[in-house]
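Heads up, the next two complexes both have chain A, just with different partners, chain B and then chain C.
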Partner chain A sequence: MEEVGLLINGIYLKVPQGYTLLQAAQQLGVDIPTLCYHPELPSEGNCRLCVVEIGEHPRTRLVNSCTYPVEPGLNVQTHSEKVLQARRITLELLLARAPKAKLIQELAAEMGIHESRFKSEDPYELCILCGLCVRTCREIVGVSAISMANRTPGKLVTTPFLEPSDACIGCGSCAFVCPTEVIPYIEKDGKRIIWGREFELVRCNICGNYIAPMAQLEHWAKLTGEPVEHYFVCRDCR
Partner chain B sequence: MPKIESVDHLTEYRRQIRAQRDPKQQQVLVCSGPGCLPLGSTEVAQAFQEEMQAKGLQGKVILKSTGCHGLCAHGVRVLLRPQEIAYEKVTPEDVPEVVETSLIGGKVVERLVYQDPVSGQTAVHKSEVPFYQGQKPLVLRKLDEIDPESLDDYLVVGGYRTMRKVLFKMSPEEVIDAVERSGLRGRGGAGFLTGRKWRLCRQVPGEMKFVICNGDEGDPGAFMDRAVMEGDPHAIIEGMIVGGYAIGAHQGYIYVRHEYPLAVKRLTQAVAQAREFGLLGNNILRSGFDFDIKISQGSGAFVCGEETALIASIEGNIGEPMPRPPYPAQKGLFGMPTVINNVETWANVPEIINMGAEWFAALGTEKSKGTKVFSLVGAVNHTGLVEVPMGTTLRQIIFELGGGIPGGREFKAVQTGGPSGGCIPKQFLDLPVDYDSLQEVGSIMGSGGMIVMDTTSCMVDVARYFISFLFEESCGKCTPCREGLRQLLNILNDITSGEGKEEHISLMEEICTTMASASLCGLGQSAANPVLTTLKYFRAEYEAHIRDKKCPALVCRPLLTYTIDPEACTACLACVRECPVGAISGPKKEAQRIDQDICIKCGRCHDVCQFEAIKVE
Partner chain C sequence: MMDVERLETILTQYEGYPQDLIPILQDIQDQYHYLPKDELKVVAQRLNVPLTKVYSVATFYKMFSLVPKGRHELRVCLGTTCHLKGGQRLLESVSSHLGIEPGYTTADMQFSLETVGCLGSCAQAPVMMVDDKYYARMTIDKVTKVLKLYKE
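Moving on to the complex of A and B:
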C-alpha cells in the first residue's frame, strides 16, 4: 500500500494512504480527545473536539482529524494554543449543555475546566448529540429506528414523531454505545423497555436464560438467512 | 412549439420569430417581480389588457408581465418601449390615463415618472433615473425585457446561442479555460473560482457526474436569486447545459426552496419547454451530448444553502452538512463528482462564453471580476435590486443608486452577506465592494444581501436579531455552532434586557473565535460575524447597555424609561386609557405621572400621545 509522509507536532512519519489525521496521530501515540468518534462507525465530525491545526503559519486552519485524510507533507499541530482554546470552549459549551454528564466533566477537568461560565438551560440534560446511537442503529444494526430530529433549538435523538417505533428491534445497541448513558434502557422480569416499547425477552431452549427480544432474533435470522429457531439457543449453550 | 432537430433548424426558427417581431412596435412591460407582485402588478396588467381592448389596441401594442425591474420601492413599475418611459407606483386606476396619454397620444404622464425626493427633478426615461445610472446589468439585463414564460422571448434576445457555440465549436477544456480566464467567482458567498471548481470536477474520473444549481436563497431581505429564477429561468438552464458539457455531466438539479412557488413554477415550465423544444434531453441538436434537468424543492431550512447539506437534502437525507474533504467536486451528489453553483453564477455563464472571458474580466476589480447583484433593503430610499461592477463603493450603492437614507436620518451601518455577514460602519463607506475587501473589514459578500441601517437601529439588538435567526436555522450538528449560538443568544438577550455583565463581552469574543475556527460548515464559521463586527465597530453601544443600562438608540425597551413632561401634558388622559397596567395616574386636569414600579415599558403611551409629552430615555 502506498504511504504518505507528513509532520505531526514536528515529527515526520509515514502512514498508509487513506488514513485520517486521527489515525496517524494515534499511530504516533499522540492522544487527541474525541466524543463522537468510534472506530467501527463512519465519522461525521460532529463534536469538534478532535480538531487539529493544519497548514503553514500564518495560513493555518482547524479541521476535524477524524475525517480529514492525510496529505503528503501536511504540517499538523494537535495541541497548539489555537487547538487547545477551541477544545476548551467546546468542552465548556458541552458542560453547560450537559453539566451532569460524567464523561464531559472528566474531559473538561483534564483541560482545567471545573465549571462552565455559560448558562445551563437544563441541569438534568445528559445528551450531547454526538450521534453515536443514531449511526450505530443505522450502520451496525441496520434498522434506522432512531434519528436526529429538529434543528439547534430543539434538536434531539428520537424515534419518528416521538412515538414507539415498529422499526426498533429492542437490541439496545444505542444505549450500549452512548457515552453519557442517557438512553433509558430497563431490563427486568423478562422484559426489556427501550424507546417507549416493551419487548418480551425470549428464553434459551436449553438453559432458560433470557436471550433477546423476538424482534432482534428475527432480525438476526433475516441478516444471516438462518431460521429464527436457530437463535432460540443462547450463545453459551450453542 | 416545434421540436428543434439541428443547429440549422434553431437558426432558422430564431430568424423566423425575429422576422415576426417589429422592434419599433409599442410594448408595455409590467414588472411582476417579487416586489411589484404583492403591490398589485397582476391587477395593473389586467387593467392594461382591458383598457387596450376597449381602445382597440390589441394586436398593435404588446403587453408583457416581465421579471423584476429593480426599483422595488417605487412599484408597480411599468416600462414603455421603445420610448424607454419608466412609470412608477402605477395602480389600475392610472392605467386608462397611461393608455390614453402615452399609448394613443404619444405623450408622457408626468405624475407617474420618477421624481427626486430632494430636488424635485423628474426623470422620464429609465436611463435618467439615478437608481439605474451606474448600474451594469449582465445577469439582470433581460429581466425587464422578456416574458419569463416565453421561450421565444429568450430566443429572440439571443438565448441558447451560447449553448450552440459550446456544443458545436468548443471542447469542454476550452469552455473551462474561458470560465477560468474570466475570473468568475462563485456568487453564492464563498467566492471560489468557478473555472477551477469545474476543472477539478472534470479531472475526477467518473462515468456519472452532476451539476447543481443552488437556488436555496434564505437570507432575510435577499431576493436576487429569486428575481433571476422567476424572471429569466432559461439563462440558468443554458448556464447549466454549458457547465454540464464542460465537466461531463448529463444530469442537472435545480434546488429551489418551496417558499418560492413562482420560481418553482417558472423553472419547471422552462425546463419542460426546453425539453419539448429539444434543448434538453438526449442528443441535443444532434450534438451527441445528453443533458437533462430535474427540479428539487427544499423545505425551507436555511442551512440547506450550504452545499453539502443541500446535496444531502436532494438525496432525501436530513439537510445537514458533511465535513470536507471530500469536496462535492470529488464526491458529491449520490457519491458522484458534482459541481454546485449558485443561481447568479450559472446565469453569468452564457454571457461570459458569448461575450468572451476577457470582456468579463475587464469588469470589476483585480481579484473580483464582473458584476454583482445586490438586494438593497432596509433604511434606504430606493430599495430594490441593483447590479453593479465589483469594486463599486458602498457609498455609491447606498447614496447614489439607493438615494440615501429616508427621513433625513443618518447612516449608521450596512450589513452585507446575509445574517452571518458583518455590520460595516460609516468609516468604510468608501470601501470598494468585492470579496476580499468585505472580508478585510470582517464581513462577507455572501449571496449579496445588503441591509442598510440608520441611527434608529441599536447595534446590540441587530446582533441579537441575527444571532436568534441563526440559532433557529443552525442544524445543530456540530457543537460550536449549536451551543455557541445558544450561549451567544443567551448573553445578547441578557444585555438587551439590562442584565448585561462586564465579562459578557470577552465571553462572547471567546465563543465567536471558537465558532469561527472550529465549526463544521460555513454557517457556523461565519455565524459569529454579526457579533464580532458590532463588538469591533460599536463597542460603546454594548458598554452603554452593560454599564449604564441604557440603549442609546432607544430600541431595547427594558432599558428605557418613560416619563411625562408636565409642561407638555394636556391631561387629555389618552395615555391613561391606553396603559395596559394602569401605571399612569394624576389629579384631574393636571399633568399625569408614570409609576416606574408598575410601568412595563411597552411604549404604548408614547405612541398614543399627540403632544409629545411622553419622554423616552
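Moving on to the complex of A and C:
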C-alpha cells in the first residue's frame, strides 16, 4: 500500500494513504478529543472538537482531523495554543447548546471550563447534534428511521414529521451509541418504546425470556437470509 | 384526501432519480404553496429515497414549508442596508396591514409574510418582494398600493 510521510507534533511518521489526520495521530499514540467520530462510521466533522493546526508558521490553519486526509510532508500540531483555544471555544458552544450533558461538562472541566460565555437556548438540552445516532441507524442498522431536521437554531434529530416511524425496527442502536444518552429508550413489561413507537417483544420459544421486537427479528432474517423463526429462540438457548 | 393526479403531473416530468428530489419538492411547493405530508411520502417511495432524506431536505431549505402558505408570499428584506433604511418600519407596516406577524399566513390564505436577509438590491433599499416581483425604495405609503395589486 502507498504510504504518506508527515510530521505530527514534530515527529515524522508514515501512514497508509487515505488515512485521516486523526488516524495518523492515533497511530502515533497522540490523543485528540472527539465527539462525533466513530471508527465504524463515515466521518461528518460535526463537532469540531478534533481540530488540529496544519501548515507552516505563520500560514497555518485549523481543520477537523477526523475528516482531513494525510498529505505528504504536512506539518500537524495537535495541541498548539491555537488548537487548544479553538477547542475551548467549541466546548463553550457545546456547553451552551447542551448544558445538561454530563460528557460535555466533563470534557469542558478537563480544559478548565466550568461555564459558557454563550447564551443557552434550552437549559435542559442534552443533544449535541453529533449525528452518531443518525449514521448508526443508516449505515450499521441499515434502515434510516431518523435524521436531522430544520436548520440551526431549530435543528434536531427526529423521525420524519415527528411521528412514530414505519422504518424503525426498534433495535435501540441509536440510543446505545448516543454519547449523551438523550434518546429515550424504555423496556418494560414485554414492550420496548423508542421514538414514540411501542414494540412488543418476542419471547424465546425455549426459555421464555424476551428477545427483541418482531420488526428487528424480521430485519435480521432479511439480512442473513434465515427464516425469521430461526430467531424465535434466544442466543442462550441456541 | 390526496389528489393523486395533481402529484402525478409533477412526477411524470422527472425520470425518478434520487437527485430529482429538490426540483420535485420545488414544483410541489410552487403549486401547492407547501409540502403536504402524504405527497412527500409518495415522493420518497417513487424516488426510492428514505423518508428521512425527504424530511430533512424539506425542513432544511427556507424555500420549503410543511404548513400551508398563502397564495402570495411577501418577503421584507431586513439585510443590513434595508435595516438601516427603515426595513423594520416597512415590516411593521406590512405586518399591521395584513394583521399577521412574520412567519404566518393570513386566515383567508391569501398572504404569507417572511423576512429575509439581503435580497441583493441594496442600492434600492428598502426592498420587499411579492412572489417573484421586487418592490424597491418602499415607503409606508406604497405598502397599501402594492398590497392592493394582489388583493382579490
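As a convention for this text, the second predicted complex is superposed on the first by the 238 of 238 C-alpha atoms of A that agree within 3 Å, B and C clash if a C-alpha of one lies under 4 Å from a C-alpha of the other, contacts with A are read in each partner's own complex, and residues count from 1 in each chain.
The rule is short, and it goes like this: contacts are C-beta pairs under 8 Å (C-beta built on N, C-alpha and C of every residue); 3 or more make two chains touch, one makes a residue touch a chain.
Note that the coordinates shown come from a computational prediction; the quantities given were computed from them, not determined experimentally.
Q: Quick one: name whichever of chain B and chain C touches more residues of chain A.
A: Touching more residues of chain A than the other partner does is B.
Q: Applying the document's definition of touch, where does A:145 land relative to chain B and chain C: first, second, both, or neither?
A: second
Q: Which of the two partners, first being chain B and second being chain C, lies in contact with A:59: first, second, both, or neither?
A: neither
Q: Quick check on the superposed pair: does A:96 touch chain B, chain C, both, or neither? Answer first, second, both or neither.
A: first
Q: Can A:160 be said to touch chain B (first), chain C (second), both, or neither?
A: The answer is second: A:160 touches chain C but not chain B.
Q: With the two structures laid over each other on chain A, which partner does A:69 touch: chain B (first), chain C (second), both, or neither?
A: In the superposition, A:69 contacts chain B only.
Q: Now for A:82: first (chain B), second (chain C), both, or neither, which partner does it touch?
A: A:82: touches chain B, not chain C.
Q: Applying the touch criterion given at the start, work out whether A:119 contacts chain B, chain C, both or neither, answering first, second, both or neither.
A: A:119 sits against chain B, while chain C stays out of touch.
Q: Which residues of chain A are in contact with chain B in one complex and with chain C in the other?
A: In chain A, residues 147-148, 150-151 are touched by chain B and also by chain C.
Q: Show me the residue ranges of chain B that touch chain A in the complex, using the header's touch definition.
A: So the residues of chain B in touch with chain A come to 301, 303, 318, 320, 322-323, 325, 471-487, 490, 503, 507, 510-511, 513-514, 517-520.
Q: For the complex, give me every residue of chain A touching chain C.
A: Touching chain C from chain A are residues 134, 138, 144-151, 159-161, 165, 167.
Q: Which stretch or stretches of chain C touch chain A in the complex?
A: Contact set of chain C toward chain A: 37, 40, 50-56, 59-60, 62, 66.
Q: Contact residues on chain A for chain B in the complex?
A: Checking each residue of chain A against chain B gives 43-49, 51, 61-64, 67-69, 82, 85-86, 89-90, 93-94, 96-97, 117-119, 121, 128-129, 131, 147-148, 150-153, 155.
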